[in-house]
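Order as written gives the chain letters A, B and C; numbering starts at 1 within each chain.
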Amino acid sequence: MLLTVILAVPLAAGLLGAAISWRRAVGWAMVAANAAVLGLGIALGIETDHRHVAGGLDGALRADALSAFMVVVIGAISLLASIQSIRYLEAEIARGEHSTRHASLYSLLVQVFVTCMLAAVLAANLGALWVAVEATTIATTFLVGHRRSDKALEASWKYVLICSVGIALAFLGTVLVYFAALHVPGHPSGASVLDWTSLVHASHHLDPAVVRLGMALLVLGYGTKVGLAPMHSWLPDAHSQAPAPVSALMSGVLLTVAFYALLRFKAVADGALGPGYSRTLLVIVGLASLLVAASLLLTQRDVKRMLAYHSIEHMGLIALGAAAGTTLAIAAVLLHILGHGLAKAVLFLASGEILLVEGTSEIDKIPSLLARRPLLGGIFGFGLVALLGLPPFSLFVSELNMIRGELAVGLGWAAGLSLLAMAVIFAAVMAHGRHLLLGGRGATPSATSRLVGVPLVGGLVACVFFGLSAWPLQSLLDAAARVVVR
Amino acid sequence: MTGALATLGAASPSLWARIGTSVLQVVAVVVGGPLLLGLMAKIRARAEGRMGPPITQGLSDLRKLVRKEAIRAEHTSAVAALAPLVLVASAAVAAAVTPLLTTRPVVAGGADVFVVVYLLLMGSVALALGGLDAGTAFGGMGASRAMTIGAISEPALLVGILALAVQARTSNLPGIVAASLAHPGWLASPQRLLALVALVVVVIAETGRIPVDNPSTHLELTMIHEAMVLEQAGPDLALVTLGESMRLALLLGLLANLFFPWGVDASGSGLVLLAALAVLAAKTAALAGMIALVEVSTAKLRLFRVPELLAGGFVLAVVAVTTGLVTR
Amino acid sequence: MRPGGALDVVQLAAGVVLAGAVLALWRKDLRALISVLSLQGAALATLAGVLAAHDGDVGLGVVAGVVLVAKGLVIPGLLARVVRADPGSRETAPLVNVPASLVTAAVLVVLSYLVAGRLTALFPDPLTRLAPLGLATVLVGFFVLVTRRKAVSQIVGLLLIDNGLALTAFLLTAGVPLLVELGASLDVLLVVVVLQVLATTMRARFGHVDLDQLRELHD
């Protein structure tokens, strides 16, 4: 019942937004719906802690600690994004760029997008998970192109085409896993074969050769949605062209929802093959992503493209952490998913505000932000510090624990390479950040809207909080990690 | 499929009867080739509203050429003299061993796909060398174009027949025909349909018909085969023309028997052979008629588009083999 | 499934799907590509229908109907609308010329046979043995997607991949569970609708749908 409500609330808000013409109250209704999702997610987290499992919709929905944690992440970030959506839509309508009809469509699509992500993490069946992830692509395409510029059009074309191909590969991988499961003697046939519980139960009896082929396709396929190299090329375009709240949602949660699918399949594949195979795959794509991000971050001219490449870096780190695969490492991966989601959402939302008040997102044209707009500049600066993994932000803790996990399973060389790439990225981001934030002494400071300031500061505070305190997440994280570590 | 061969050949004909059958096959190809060309010319003419030459025109032309004085271009070597002979000889040997009238021609065991295709290839190479030998621009150009096309069409021919070989589990041509006779249901199998399309394309290219080559053009921009034999005259030209028409008859006959094997005689004796001859004549005439009608209704492809067509045929042949392997 | 009438039809349909993929690589006329897609859709629906009748599987029968309507009629119809807006459009300059891409396709077909050899060796079943045809269709679709520059050709590439996947799924597992299968069909349909809208918008805005000329976003 709880799970059905979690899906119904954001969808209902979206339908409300589509039904009545845009006004501020509709925006606040979205905010309320997403806040409800966060609240329900926390309730679900408390319920599913200690391996308790919730179900719904006649067994089609299922939530364990891992699902509950992802619901919390989705709820938190969509809450942040929906507050900024009000600001974005009002500004666009005021400038005459959008009609209220566009605003209604936007509200509907964003809420459908959020619902699809929730459905993906709550699906009991790994085939249904695939359907939900594919549906996120469809829901976001028009959001990426919402600004209707030439570039946005090009970005949405690339996005939908590359992601559809990637997700098609994931489908083939799913079919192969299904094929292997069908041939397990004594395994129940019919619709429940792809159910997570029965699949994990049978994973030790799956044919290794078939699962090996399937897992490679799944890593490549879902890896496309995660933004892992070599299928990352859609990501900088889509994230830089989408409206800021959509970028925040895509970068903050969509990528990690796709990664959630990989975590589930990794558990199945590890049952059939042992941890070595998926570890190799994940190390390869993880290091490749870090390499791509490190080599391309230095030359970025656009704030949002810089942030997009930063996402590729963090997905690479998460892939390496998942490759380690110990309970400690997976718990760190999950904490990193939350920390990165919060920090990246804050940064994308701040960059949306920068674009709004400065009229550009090119780094060269926005000097000395800190002096001219202290609050916005401060948020952006602290956000960058958080993303670079400096204490006291939670990303420091999660990166440290992921590296500890990697060292524990003999992936020290990969951890070393990742540290090297992070050092290069650190230098690049510092150079961009220095130009963007510092200088311009004596300029008259101007204020930033509270609608922007409060949620963004809140996001950063949460990020610091989880960096300093293990409570209240630790037991949920451990329970979630144990779902996929056997 | 050796089993099928054994059962079909229960009453094994004597060696002499088999030699006789093979000789009959060669004669049929020698006489039938020019007649088929004549038939195609006639059908084209009629479709275009002309009377056209009599069907026996090809044979009359040959007789006329043979009577002419043997003359060769200056500076030619022995290659120019040998090339027409090799062409005709290779086609004759291929005709003797190919299952045209019977599934038990002489040396049936040697009538492998590879042997027959390479015999045909030998003829093509001899013809190209003969074209090059005079050292003129046209001969070289024609030879180069013919080899460009042959480089794709010969492998496609081989792979296309291999698709049938996979299905019949033997690369022996008589074996394949015998197996197809025994399994009429194979006709609708996907690999056969794919291979049929591939081989039709290949046969059109190999015999130099529209849309690959226009046998009646002497326009330097487009001609392929005619450019190659431009330097030849008299008996040499007669041999080359005969060799080419034999290849046409052979390929059409092979195509007809591989895909529509009815009427091929399994025992190889007496009157049955004559009936088989009649059926073969009817099948090849029908195929030739269809090619002629296609020629009337299509324009010749530009030369650089020809590889596209042939590559398509080649891929279809590969797909046919793969399909054959997976449906076996 | 035992050798016999039903198996023959399945084999023929699988062969048609792969031959269609090769044909799509061969022809440059965009309308011809669309006919190829509807032919493939019909073949897939036939295949699913025969499997459903053979196994007495009602769910699969429903899937066959959905496939026929979606892949055989609606999707080609949507694409035809894009092409009609731009009559006489052809794939003028693919990145790899036609003969070379056809030879590549031959290599891909052989490759998929070798890869899938593992699957067929494990479960030697007449249907499983056909799986390389599906994989080859996927690979050829990839090749079309990567080397073709017109918007419609790229959509065709994506749909070839999808048809290849559907074929593989039918052959290996007689279709994934009904819910997933229907969701997947719906998703593909929506993706095509989305792409069609994007292509139409591009045409209205740029006056062409040649993706080579979209080069604003790069690093």
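In this section, a residue touches a chain if its C-beta (ideal position, glycine included) is under 8 Å from a C-beta of that chain, and two chains touch if they have at least 3 such contacts.
Keep in mind that this is a model prediction, so the values were computed, not measured.
**Student:** Give the chain pair that accounts for the most C-beta pairs in contact.
**Tutor:** Pair with the most C-beta pairs in contact: A-C.
**Student:** Counting only C-alpha atoms to place each centre, which chain is farthest from chain A?
**Tutor:** Taking each chain's C-alpha mean as its centre, the farthest from chain A is B.
**Student:** Rounded to the nearest whole Å, what is the centre-to-centre distance of chain B and chain C, using the mean of the C-alpha atoms as each centre?
**Tutor:** Centres of chain B and chain C (C-alpha means) sit 36 Å apart.
**Student:** In whole angstrom, how far does the Cα centroid of chain A sit from the Cα centroid of chain C?
**Tutor:** 31
**Student:** Distance between chain A and chain B based on Cα centroids, please, to the nearest Å.
**Tutor:** Result: the chain centres lie 64 Å from each other.
**Student:** Considering the complex alone, what residue numbers of chain B touch chain C?
**Tutor:** Residues 152, 185, 188-191, 193-194, 307-308, 310-312, 314-316, 318-319, 322-323, 325-328 of chain B touch chain C in their complex.
**Student:** Which of the residues in chain C end up touching chain B in this complex?
**Tutor:** 8, 11-12, 14-16, 18-19, 22, 25-26, 97-100, 102-103, 105-106, 109-110, 112-113, 120, 126, 129-133, 136
**Student:** Which residues of chain A touch chain C once you look at their complex with the stated criterion?
**Tutor:** That would be residues 60, 125, 127-128, 130-131, 134-135, 137-138, 141-142, 145, 150-151, 153-158, 160-161, 164-165, 168, 171-172, 174-176, 178-179, 182-183, 190-191, 193-194, 207, 209-210, 213, 236-237, 240-241, 296, 299-300, 305 of chain A.
**Student:** Hey, which residues of chain C end up touching chain A in the complex?
**Tutor:** Those residues of chain C that touch chain A are 115, 118-119, 122-123, 138, 142, 145, 151, 154, 158, 161-162, 165, 168-169, 172-173, 176-180, 183-184, 187, 190-191, 194-195, 198, 201-202, 205-206, 211, 214, 216-217, 219.
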